[in-house]
Amino acid sequence: MKSFTILTPTRTALVNITSHVSKAVTESGIRNGAVVVYVPHTTCGITINEAADPDVAQDILMQLDKTVPRGRMYRHREGNADAHIKTSLLGTSATVLIEDGQLVLGTWQGIFLGEFDGPRNRKVYLQFLS
Amino acid sequence: MKSFTILTPTRTALVNITSHVSKAVTESGIRNGAVVVYVPHTTCGITINEAADPDVAQDILMQLDKTVPRGRMYRHREGNADAHIKTSLLGTSATVLIEDGQLVLGTWQGIFLGEFDGPRNRKVYLQFLS
Amino acid sequence: MKSFTILTPTRTALVNITSHVSKAVTESGIRNGAVVVYVPHTTCGITINEAADPDVAQDILMQLDKTVPRGRMYRHREGNADAHIKTSLLGTSATVLIEDGQLVLGTWQGIFLGEFDGPRNRKVYLQFLS
């Protein structure tokens, strides 16, 4: 298992972590299999989506805010219930395939940490499976 | 592969199954890898979220009810279309990492079965990967 | 790793790809483990849900359209921001268990490609893990 830490910039953000994952895959020496990208947190998740136009990430965050608004209508008293709910919608991990020692991503795909209660230091764990 | 069955208490519920998964990991003898926690159903899912404050689970269920209301506006004639839709939003599995024979979960994380059409007996399958 | 291509029929569709995955599992010779079903795209996803009544798939698509409407309120200028957002809600992969050389699916479960910006040719990658 490998891990890295990132500092997220704002309360909500989609942070592109593809290069971190790609570097770890190379260092691991794994040739074929998959990597599970996992966050041990409950107010951020992982998603794979378009990395070329940053507007896509903004639209995802905006829609999540619209569907799951921040506010006082929740029971959880810490003011971040919306962040927990968004985390369950995204999921806390993504599994990405590896072939010939390389991440198998589509042309437009990037791996993102979806921050919903930042800014914070977030850990990302990587487990390699074959 | 291992499996266990749980009886869910109400129509919708987030049931903490972490101890079942943890026990199975120990029994399996696996040291490093991952476990796929999978439900073979179409009206319940799996999610990882906060296990400390039970209000978080209630908020997740409440928001899912708000976004995907139960009712007669669906084509599926069994009255549980909302449960199917919520299942696709959560997903039918979670992959959790294993290191040194232990589940790698964050301080606040628990593994939950998200029941959307209970009460029912639900099967959970566990597959260990390395 | 294996792959196949499908042509999706309409802008949005849930296309049942279970038989393609099942056939590939048989051909792979894998006896026990899991298969990761992965799409290298950013406007379609993978979900597991009921395959018996096609109304369930229609209800899922209808609800996603309602929660994430198509329109001009997004920043992404290609007119398919809704498709990107729906992809993050579903996820780009599903992990399905394999036992005794067979996919482990529940009675009602099928594996679907969720198309949100078709019709298009879509690639599906399969990685076998044990």
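Residue numbering begins at 1 within each chain, and the chains themselves are lettered A, B and C in the order written.
By our rule, contacts are C-beta pairs under 8 Å (C-beta built on N, C-alpha and C of every residue); 3 or more make two chains touch, one makes a residue touch a chain.
Remember, predicted model here, so these are calculated numbers, not experimental data.
Trainee: Residue numbers at the chain A-chain B interface: does the shared fraction exceed half, giving same, or fall under half, giving different?
Mentor: different
Trainee: Report, in degrees rounded to the nearest 5, the angle of the rotation taking chain A onto chain C when the C-alpha atoms are fitted.
Mentor: 120
Trainee: Please work out the Cα centroid separation of chain A and chain B, and write it as a whole number of Å.
Mentor: Spacing between the chain centres: roughly 20 Å.
Trainee: At least two partner chains per residue is the criterion; list those residues in chain A.
Mentor: Residues 67, 89, 91, 95, 129 of chain A each touch two or more of the other chains.
Trainee: Considering the complex alone, what residue numbers of chain C touch chain A?
Mentor: That would be residues 1, 36, 38-42, 67-68, 74-78, 81, 84-85, 87-89, 91-93, 95, 123, 125, 127, 129 of chain C.
Trainee: What residues of chain C sit close enough to touch chain B in their complex?
Mentor: 32-34, 47-50, 53, 55-56, 58-60, 62-63, 67, 89-91, 94-99, 104-109, 129-130
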